[in-house]
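Pasting the structures here.
Presented sequentially are two complexes of chain A, the first with chain B as partner and the second with chain C.
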Partner chain A sequence: MATLDLNNISKSFGNTRVLHDIDLAIRDKEFVVFVGPSGCGKSTLLRIIAGLEEASAGKIVIGGTDVSNAHPVDRGISMVFQSYALYPHLTVFENIAFPLRVQKLADADLRTRVGRAAEILQLTDKLDLKPGQLSGGQRQRVAIGRSIVRNPKVFLFDEPLSNLDAALRGDMRVELSQLHRSLDATMVYVTHDQVEAMTMADRIVVLNKGRIEQFGTPMELYHHPATKFVAGFIGQPNMNLLPATVKSVTSSGITAVLPGDAVVTLPVEPGTVRQGDQIEVGIRPEDLVAAKGLRATVQVMERLGGVSITYGVLPGGTRICAALPGDTPVREGDTIDLGVPVDAAHAFDQSGAVLRRRNAPQIAG
Partner chain B sequence: MADTVAVPPRQARRKVLPEGVFAWSLVAPAMLFIGIIVAWPLVETFRLSFTDAGLGGETYVGWSNYAELFHSGKFYDIVYRTFYWMFLSVSLKLVMGLIGASLLNAAVPGKALFRVLVMPPWVIPIDFGVIGWKWLYNGYFGFLSGILQRLGIIADPIALLAQKTSAFYAAIVTDVWVGTPMVTLFLLAAMQGVSRDLYEAAWVDGAGRWYRFRRITIPQIMPVIVSMALLSAIWTFNSFEIIWILTEGGPRGATTTLIIDTYKVAISSQRFGEGAARAVVIVGLLTAFSLLYLYFLNKVNKHYGAK
Partner chain C sequence: MMDRYTFLQKVGIYIAIAAFLTFVLLPFFEMFRVSLRPLDHLMSTPFRFWSDDFSFAAYKQMWISVPLLGRYILNSIFIATSVTTLTMIVVIPAAYAYARLQFPFKAISLAVFLGVNMFTGAVLLIPLYRVLRTLGLLNTYWAMIIPGVAFLIPTGIWLLRSYLEKIPRELEEAAYVDGASRMYTLRRVVIPLAVPGLIVVATSVFIGAYAQQFLFAIAFNNQREYQPLPAGIFEFVGYQQVTWNEMMAASLTGILPVMLIFLFLQKYLIAGLTAGAVKE
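Moving on to the complex of A and B:
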């Protein structure tokens, strides 16, 4: 098992630069998730680590060895593909055994290793079947089995759950987390799904337009998003970003005017923000409470049972979303008051950088 | 529950043709068409094979055409030669096609141009191409003979089509030349249908080029290889114009396959009855061959996991 360090990785396709100076230090046995919208470069970065793409510049170090120019098989990695990339003409056994056959491993040894992988993944009774006879989740497990038998230093996963239905995806998330614990391996996992990132990662890399926006634990990202992008990307439903004008900057923080002339004083470090500047105030839907503050006209209610996701508009047309208690007696068309809990609110300057919060909660986990 | 549901009254009231009549009237045009252009000639051939039909009319002769055929040693030579011709030519087409498709599938600059360049043998009218080969093989002004002489391999001009063995293999070469491009393109299409992920996965696992070809490409395109082999076999078995233009089945029958023999008897000698008997034998042989083949294809598809 090993650490994985990326130093100044850049990648261009023709004149298009898709990765800009990526620096990343992944610890031994860590489960790191690369997350970001499509086209952010997360899959390219993974393929560069795997050796399927060549970096235009930079260094890849796995377990202290520079593998930047090494063949994939010599890097000590193994990869699980989005499509699973199972060989349809081979049995489950032969699919899992494939890397070992390439290595020309002795038959007895090969059988033990495939058997052990099959046991871990509960595939023992499926070994004689062809991939076509398996369910999506089982195919996924075969693909993982194929990477386990190689005993890699680092496991790479490229959106492995995106071909599964929602229910199965939930199950597989749990299975993958358990697998990570039982294998005690370094894992790098690419997804566009922030729920997968939040639930499985030890630490998350948020990528946007080929740059790292933030690298931190799920709760760090949730409570201390470094940028507006991270704030909007992490958390479900998405954080509300409300335009606001700075009324005054005092020792207790920034006093800002929100849509509908609601005035709040946010306990944040003002940084370079001055009176009269435009900022954005970020409030998570689950932090909004029924209290005096913002007045919103409700447009759509999504009653999920425990919570009611309430979508409305503020005066001036800004949309807002609040996660209210399940039985909130509100209907579409009603006007409601939403209180802004100032300690939970975030403020972003015009560049999108966060203003540090003074009363942020302790981070769990 | 389901059997208590009545037919909706609206549908029952509507006046329609009886279902059977309607169905048959839909199928009728196609059946008529097939009947005229396929079934009738086939039946007629079968009927003729029991007559001594020629230019002077016909009388029923029973099995005598067949008896004559099966008692002549020459006929067995021809059947043997036809299968030998077929297996050799089809094998070469498949091997060359596989090599060609692999080369065209490789990521090299200008591969689109090469893909176009393999097509002429298939695209130009077959007679032009074969006449070209006839010139190459010619003993007086032939290019091949000239080259061999220049290189000092032979002293005197050689007419490749004038000797039994060389004529047969020269015809094979030309047949392979005509038949390879199609095999190549079909195999290329099959290769391009193989998911890139499979190769990448194998590459990450350390599989080399040859290993990937052997354990991924070949199994993945096996159903297409097998189908192409069948089609190519039938076409090669019945390949007429290439041999006819080059040698007319000669010299001394060295390139006479079943189809050439049938043509010579039925058309050149105008012994329609005897020719028809040969045609029926061809149908029988090819049917048996195809059935065997489809059985094999089915097994291959099952083995290689095609749905």
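Moving on to the complex of A and C:
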């Protein structure tokens, strides 16, 4: 059992607080992704879990044992670094064998275990090479190989794919997901790429300024973002956030005036929102359709084939982005109508907290 | 690498290099010329740059004039090698500590090391003499080795520390996460990666040790068999005359083994400047 619990972890460097009361319960064999903008504290949190950095306060519990003061090896973790951190003077074999050499494992045993790791990672014919003779993807696999020979309970990855080109990143994403399934281990994965987060994670932790914004499955975050920050961060292209004024609050929801005087009634729980308040209405580009509603002037069209990502401005200068069908007959400079699907729209109050949607779809998966 | 220089720039560079090399190598050339000529030609006026009776006679005669010459040369190499070895044994862990660990008075102690280096050995000769006498080390090899080590440690630490700092920290963190101790990491990761830097530092320590042994030898040792070459060479200064040609021949012969070593190490020295490209 390798559950990983973080209890009220805080971290300060000198007078700057970079992590605030992080509370997290990760299940056995779960693939959890930490995602957030640069500098939000993802690496720091991962390094605290690894034991490379000491938390200023809080407890780390792995598999039910408090390991807050334990050595990384005793925590049962292993870590893959962003720069791979391969030993350039050692062969691939010795790189993978390094943790076993430290343990003074018998030679025969060591050979079988390195051999098995190399097989899983398709490195068998590369064992005699030095890291400098490998491609980026192969180096990444060696770094992963070094982390799996020790059979750790928890794997930690710090942006392992960020040095690779886009195509290779796609391949490695699939490989890592497969590896997770075949190893049956708990994995914590740090990235600032929301596509990686959405595609690989069982659950995603969205971090912002050292705080957890939300912890949930990818589709939960997509359909039920708890805050404006999560809504803007998850989903590609980013969600449109339109300023709106509340016209009335009724039993069927909130009626609001959008830029260009479009009036919509959103089926959400009003919470503390009152008539006359400013709110923000969040609409995903893929939910906008060609129908009466908002009037936008098209500035840029990105035709991707299947869809045309359309960037425009609303009256008053608010930018809007819509994912329209691939062959939509619209040109740059045209004025188009964009219908707001009220059931798919989100509303956020002034503090950035979401107003609960009543008609949200069932979450798949 | 791209050819970044125009023809004229190249000519300029080569002229500058030639001027520099002439300046550095001319004394050696002069030594060699003197060593080839009979003694009475050296003192002739007007001075003649060229003569027709060059010979290697001095290279034979010197072993007879100063019977211990071979011993002196070996002593020199022995002392410089011992100084270098001991210095490196101290400098490697110290430089690593300064490069990676946090401890009180780190910056100040580093500055003090450099400050101590500003005093040349000459200023400290008398206190050093008393120390060595108290320890009973006068007139032994140790009298020339220990002060040499002491004076070379600070520069060694400064040089090696900056090299070690360039080794990516993540490599050591990876080793730490995999359970390696500091000493294991130093031995299996840091030192192998620092080899080019170690060669550069060892070379400069060796040169320093070679250069400073004269002072310590004449001050702390009057045992003939222990004298290094720079001190032993004084035996060519006779009551009547100085046999300059033999002295120069002996000096060149004494430097020769060291020169050969450096010729061999040269490719590492140059590699040392470009290696360490650990990750892109």
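Heads up, the rule we're going with is that the second predicted complex is superposed on the first by the 364 of 365 C-alpha atoms of A that agree within 3 Å, B and C clash if a C-alpha of one lies under 4 Å from a C-alpha of the other, contacts with A are read in each partner's own complex, and residues count from 1 in each chain.
One rule holds for everything that comes next: a residue touches a chain if its C-beta (ideal position, glycine included) is under 8 Å from a C-beta of that chain, and two chains touch if they have at least 3 such contacts.
In this text, all values refer to a predicted model and were calculated from it rather than measured experimentally.
Residue contacts after overlaying the shared chain place A:V249 against neither chain B nor chain C. In the superposition on chain A, A:M79 makes contact with both chain B and chain C.
Of the two partner chains, neither chain B nor chain C is touched by A:V330.
Contacts of A:K130 after superposition: chain B is touched, whereas chain C is not reached. Once the two complexes are overlaid on the shared chain, A:G51 sits against chain B and chain C alike. Touching of chain A by both chain B and chain C, each in its own complex, is seen for residues 50-52, 71-73, 77-79, 81-83, 85, 87-89, 98-99, 102-103, 146, 150. Taken in their complex, chain B has these residues touching chain A: 195, 197-198, 200-207, 211, 215-216, 219-220, 222, 303-307.
Residue ranges on chain C touching chain A, taken from their complex, read 168, 170-171, 173-180, 184, 188-189, 192-193, 278-279. The part of chain A that touches chain C in the complex is made up of residues 50-52, 71-73, 77-79, 81-85, 87-89, 98-99, 101-103, 146, 150. Taken together, the chain A residues at the contact with chain B in this complex read 50-52, 71-73, 77-79, 81-83, 85, 87-90, 98-99, 102-103, 130-132, 146, 150.
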